[in-house]
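Letters A, B, C, D, E and F mark the chains as written, and numbering starts fresh at 1 in each.
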Amino acid sequence: MEHVVAEIRRDHIANIIRDGKRVDGRGFDDYRPITIETDIGHKADGSALVKMGDTQVMAGIKLLLGQPFSDMPNSGVLTTNAELRPGASPTFEAGPPKPPTVEIARVVDRGIRESGAIDVDKLCITEGELCWIVFVDMHVLDYSGNLFDAGMLSSMAALLDTRLPKVEDGKIIYGEKTNNKLPIANKPVETTFAKIGSGVVLDPNLDEERVMDARLTVATDKSGDMCAMQKGGEGTFTPDEIFETVERGAKKAKELQKLLKD
Amino acid sequence: MEHVVAEIRRDHIANIIRDGKRVDGRGFDDYRPITIETDIGHKADGSALVKMGDTQVMAGIKLLLGQPFSDMPNSGVLTTNAELRPGASPTFEAGPPKPPTVEIARVVDRGIRESGAIDVDKLCITEGELCWIVFVDMHVLDYSGNLFDAGMLSSMAALLDTRLPKVEDGKIIYGEKTNNKLPIANKPVETTFAKIGSGVVLDPNLDEERVMDARLTVATDKSGDMCAMQKGGEGTFTPDEIFETVERGAKKAKELQKLLKD
Amino acid sequence: MEHVVAEIRRDHIANIIRDGKRVDGRGFDDYRPITIETDIGHKADGSALVKMGDTQVMAGIKLLLGQPFSDMPNSGVLTTNAELRPGASPTFEAGPPKPPTVEIARVVDRGIRESGAIDVDKLCITEGELCWIVFVDMHVLDYSGNLFDAGMLSSMAALLDTRLPKVEDGKIIYGEKTNNKLPIANKPVETTFAKIGSGVVLDPNLDEERVMDARLTVATDKSGDMCAMQKGGEGTFTPDEIFETVERGAKKAKELQKLLKD
Amino acid sequence: MKVGTPEKFIVKGKRLDGRAPDEIRPIKIEAGVLKRADGSARVEWGGNIAVAACYGPREVHPRHMAKPDKAVLRINYNMAPFSVSDRKRPGTDRRSMEISKVTSEALEPVVFTHLYPNTAIDVFVEILNAAAGTRCTGITAASVAIADAGIPMKDLVPACAAGKVGGEIVVDLCDIEDNFGEADLPMAIIPRTGDISLLQMDGNFTPSEFKKAFEMAKTGCEQVYKVQMDALRNKYGKME
Amino acid sequence: MKVGTPEKFIVKGKRLDGRAPDEIRPIKIEAGVLKRADGSARVEWGGNIAVAACYGPREVHPRHMAKPDKAVLRINYNMAPFSVSDRKRPGTDRRSMEISKVTSEALEPVVFTHLYPNTAIDVFVEILNAAAGTRCTGITAASVAIADAGIPMKDLVPACAAGKVGGEIVVDLCDIEDNFGEADLPMAIIPRTGDISLLQMDGNFTPSEFKKAFEMAKTGCEQVYKVQMDALRNKYGKME
Amino acid sequence: MKVGTPEKFIVKGKRLDGRAPDEIRPIKIEAGVLKRADGSARVEWGGNIAVAACYGPREVHPRHMAKPDKAVLRINYNMAPFSVSDRKRPGTDRRSMEISKVTSEALEPVVFTHLYPNTAIDVFVEILNAAAGTRCTGITAASVAIADAGIPMKDLVPACAAGKVGGEIVVDLCDIEDNFGEADLPMAIIPRTGDISLLQMDGNFTPSEFKKAFEMAKTGCEQVYKVQMDALRNKYGKME
């Protein structure tokens, strides 16, 4: 029975979209209301809580000291993780991240990394020996669709909120932060579209995400270049759909970037 | 059906206790017969097998060399583990420790640590660089109730039995023990009480443990001070019950401490 | 029903063997056709794909730099692993190796190690500090019986195919291989026999392996000495069966060794 | 002695953060902060931030954990990686397992689990920032989340610790007091009966110090209880 | 800048390995290379070696993963420990999980999963040697293995990447181009409809560069498609 | 050559611990040492200490491991963390997995598993102190524990090793002989038939050395068998 109900729901949502509307009344290129709160708690070196409609993602930054990779002796290290906490949805379970969670972390990671959002060369302290390791941890608290965009936005907001900890003799002095910011050189954002029947809509909510045929996430940097993309879902896109979506994404990216304060 | 039988059994045991007696004829403040055998096997640096009624717990001590923690550069390190071996009960399974096992290890650890049972400052060899790491491993061989008290007793007996291994050039020479003991500065013991209906009894046996409403473990040091406590079980204690139990525990602690030879 | 069918199949195969024949027409001491292909892919430092009938095992060698063990400061390190890939059989699952896989890896490891196949003393670069670590990884691609012999053969062929990577400043320069071979000092091979009813046959195929009573693997070195043995299966061997099998194994070992080119 | 131990913990009757010995840190509770959960709560308490999400009564997975005569109450306590000084590796550690266990046992006495046999009531406690006292913050949040989920309860369960620092008994230890103090006694009570449903202790107490700390923690719990009730009144009061 | 970055990627119209910008590396495909699997394929493509084994439709374990209206298509992508420069520790890592997921989604649109409700179609992709482009090699192999298993498909799915190196758009990046290049765009297409079933990108593309790379990857896919079809014809052609 | 290798292993016909080449170490066996287990045994053998606990026949978890025509015999061999020189991290390692497997196979031939279809017979072997020969000590203990559980057996299974040290064949290797010797041959036999149910070997044997070691291990097993029988007689003899 369950899949019959699912099909009816799918048809309903697709029909509305075919008529140029959406279940929650938004336009095809509208985000749900977005709020960004930073500086949540003092233990994180930077943090942000993003609400995108009913979706809530908190990102926290921890800076550790470590050794640069041997093929990049002059650079710091970036590590990006996501966790869908079991309280965020009736269907999530405690345990190590599953493929959809890993996908979110990896796509956000690529967006940050490939856009040069962090000037990693400035994170090197001693060549080949000591550098900052930046841990970006996304903590999904309430799952109501489109974790890609909320995850990227919270990660960037948290990185912008970050202050370097104090260091003495190559060790971090916990509890004492400096006023030094991270060297942020770019502001990538992600825009995610869902293809449902004949339409492609921005920022799918939970109902739309459940019935979508395919998903396309486009990460755009501040100059309007693409820095990451990811198609998802069991359906396909035509080449034209992809080109149009990329263009629409680039436009919306500018709006999101305005929400990110330096 | 199973829970009906469980309820009948519970009522039976609680009725006996209401009459001031116990299923195995002991008084409320009586331990089952306790024996402590030390120096079991030559590979452990110290060891003890404690039998408390039908419960059997072996503790073994291994001393390794390692680095002090950075916030305690002049101290050795203590690590306490417990394993309920699958042969110890029809219901235990092989695999990583489950919450009840972890609880036992952590409460024993707190008792040892907080009482200063080991003078960890004397375990430092070179400040910030080299120190002894003391591994206390409790190995539960036969589970017939009250692992807290048997676990703590075996751990302390094993620590008292320990001789430091020989060290050359910062490395342990296996197979050659010295006559040097561990710097033992205190002798904490745990006394565990079970609340069953209207009564609170010491050293619950397996039948009592299965039906108890709540559990209170009190770790007492040689001067009669408390060094750790842990309430367990799905029931509650009144404040008066707690104060009385703490007092009864302190009295019995003296008896247990006498069993621990220097 | 399943086990009834299994018994009928077992009786059928055992009857054929009692008549001095085998299900696939081979003699008792015949191997299935064997091919060895080396130098598969350029990322491995050495590699070989062995086909033994329908069984396919690829072995790859990776050389890493590391520290010698403290009790063997002048020797390199050998590590042998096996994985039954889930594509190799309808019954294999993804996940960490299970006991039968671990057994294969450990018996191959013993054969290589105990025969002195690799002169590990020549793998030491700086005493107590730097040495080669040889990783032998067996990757079972198609499972049609007798993984012991195919695994050992692929491992030895891959070790013989290995060229040391280039090293500068104590680091491996990836992508640049030297012409230096590993110091191979012996050529152990394994010969595995299955006891089925009254007969003991070499190189069991899948059908025979499924119904065998017991298994005996004999690893023989180039001088005809035994370097490892392993009985498997829920049945037993008589002492005479063991002595005869060891002798038959030693004879077949010579044939296999001829397939291994320097 | 640990590096960084302060010389004095109390100067002129004031603690290092300016509080009186019997004064708890500021606490703020909001019920119903998550959309997907059946009930939820956020507690900010002296730097600690906890969010609790409650689901249930619902089906039990795995099935064999179900109990035929009542619901199983399962608490999952988790610290976010960025909630502590040293980044915490994601995943369950021994400390979390113990805290989840004692939190379940602290709440079990007040939940009418017998109304929902063969089901599970799951509470997920996320610590987003840790500043000494996360288990008490978590129990306090979990309790409100269960109530917010509409699950019948005999009472709420507030939690609060007392401890000994520099020889003095104080309530609701802050970070530095927790790190360098001599004893800690986290407790949870059932206010309507006065019964104790959580009690842990580590450090060093003489019997009389223990009694004093016990009473202080109890009074702390009662203060927390008022804030819990207010949070529920804020959300549900208008309906009355 | 990474240690080892080449000064130039293209000299006199030739790439470092001698290819033209729009030239894919040599590719060889064989169907039916394993005995136990229901279908299999081996792909050698410019140094990459992938073997795919397909089982199914078959029973689903664990049972609760079964779908009542179709087969579940599950891809397990795995790199052999010796397939890369630094030995890869056996076991699933985050990269493999992601590639397994996108590979499933790339193939799902062409498999008639609705014919086999409550079953699983499992494809295991083993990378025996990696030389940039393993996911495209794996998708290409998996696609042929499913066909070889006799499972009805609307079409085969070829995959191929394009990218940007030294400012130029090129197809099918080799190892050094992949390591030091500026962008990578792996794609999979369904040739009969021209639809895109896999698309990932990382690096830096202007919109017009993206379009150029997109077309080049598409053309690359079409070339791979021919080799896939030939492999099946080689095995099954004689029956026609 | 390993650091610490002794110059000579045998001086004037005596081994390093004073034994003759064909002399096994002192061995002591007690049956019924645990309360909860259905059967149990403790074996002390030349420094080795093993405790075996047997449960069964009982329900099989997980269910799918059950066999419709017989009981599954499962052995779990485990070394206590403190039983070896370097502390052993708790948990199953590859060595334990292999020993558990060969121990099961060594005991399977003597247990009447066909009497108990769809059940499990579980034996847990704990090594409390290790001094070379733990697998033989474990098999010897497990065998007595199964008998003590009242499970019908064709015979007991004793185990004993022989080996080569300094070129000589000796029985029941001690720690230093095991570490630095040239070959080791652990065996288990079924005394009533003389059949071999465990045989492993590593090191170097010529064919004739192997035969000599084989006979020595067999004789060792027969000596162990007597002690096993005595242990059971001590516990059950009075009932006769």
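The rule we apply is simple: a residue touches a chain if its C-beta (ideal position, glycine included) is under 8 Å from a C-beta of that chain, and two chains touch if they have at least 3 such contacts.
From a predicted model like this one, the values you see are computed outputs, not experimental measurements.
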Least step count from subunit B to subunit E, where 1 means the two chains touch: 3
Touch-network distance, subunit B to subunit C, counted in steps: 2
Joint neighbours of subunit F and subunit E, given as chain labels: C
Chain whose mean Cα position lies farthest from subunit C: D
Chain separated most widely from subunit F, comparing mean CA positions: A
Centre-of-Cα separation between subunit F and subunit D, whole angstrom: 51
Geometric centre distance via CA averages, subunit B-subunit A, whole Å: 48
Separation of subunit B from subunit F, taking each centre as the mean of its C-alpha atoms, in whole Å: 31
Inter-chain centre distance, subunit B versus subunit D - centres from mean C-alpha coordinates, in Å: 26
Set of subunit B residues in contact with two or more other chains: 97
Per-residue overlap in subunit E, given as positions that touch at least 2 other chains: none
Chains in cyclic order, anchored at subunit B, direction fixed by subunit D: B, D, A, E, C, F
Residues on subunit F engaged by subunit B in the complex (per definition of touch): 34-37, 40, 47, 49, 51-53, 55, 58, 61, 76, 78, 80-87, 90-92, 122, 124-126, 128-131
Subunit A residues touching subunit D - in the complex, by the definition given at the top: 40-45, 47, 54, 56, 58, 60-62, 64, 81, 83, 85-90, 94, 96-97, 135, 137, 139, 141-144, 174-175
Subunit D residues within the subunit B interface of the complex: 2-4, 67-69, 94-95, 97-98, 100-102, 105, 108-109, 183, 185, 190, 193-207, 210-211, 214, 218
Subunit C residues touching subunit F - in the complex, by the definition given at the top: 2-3, 71-73, 97-100, 102-103, 105-106, 110, 113-115, 216, 221, 224-239, 242-243, 246-247, 250
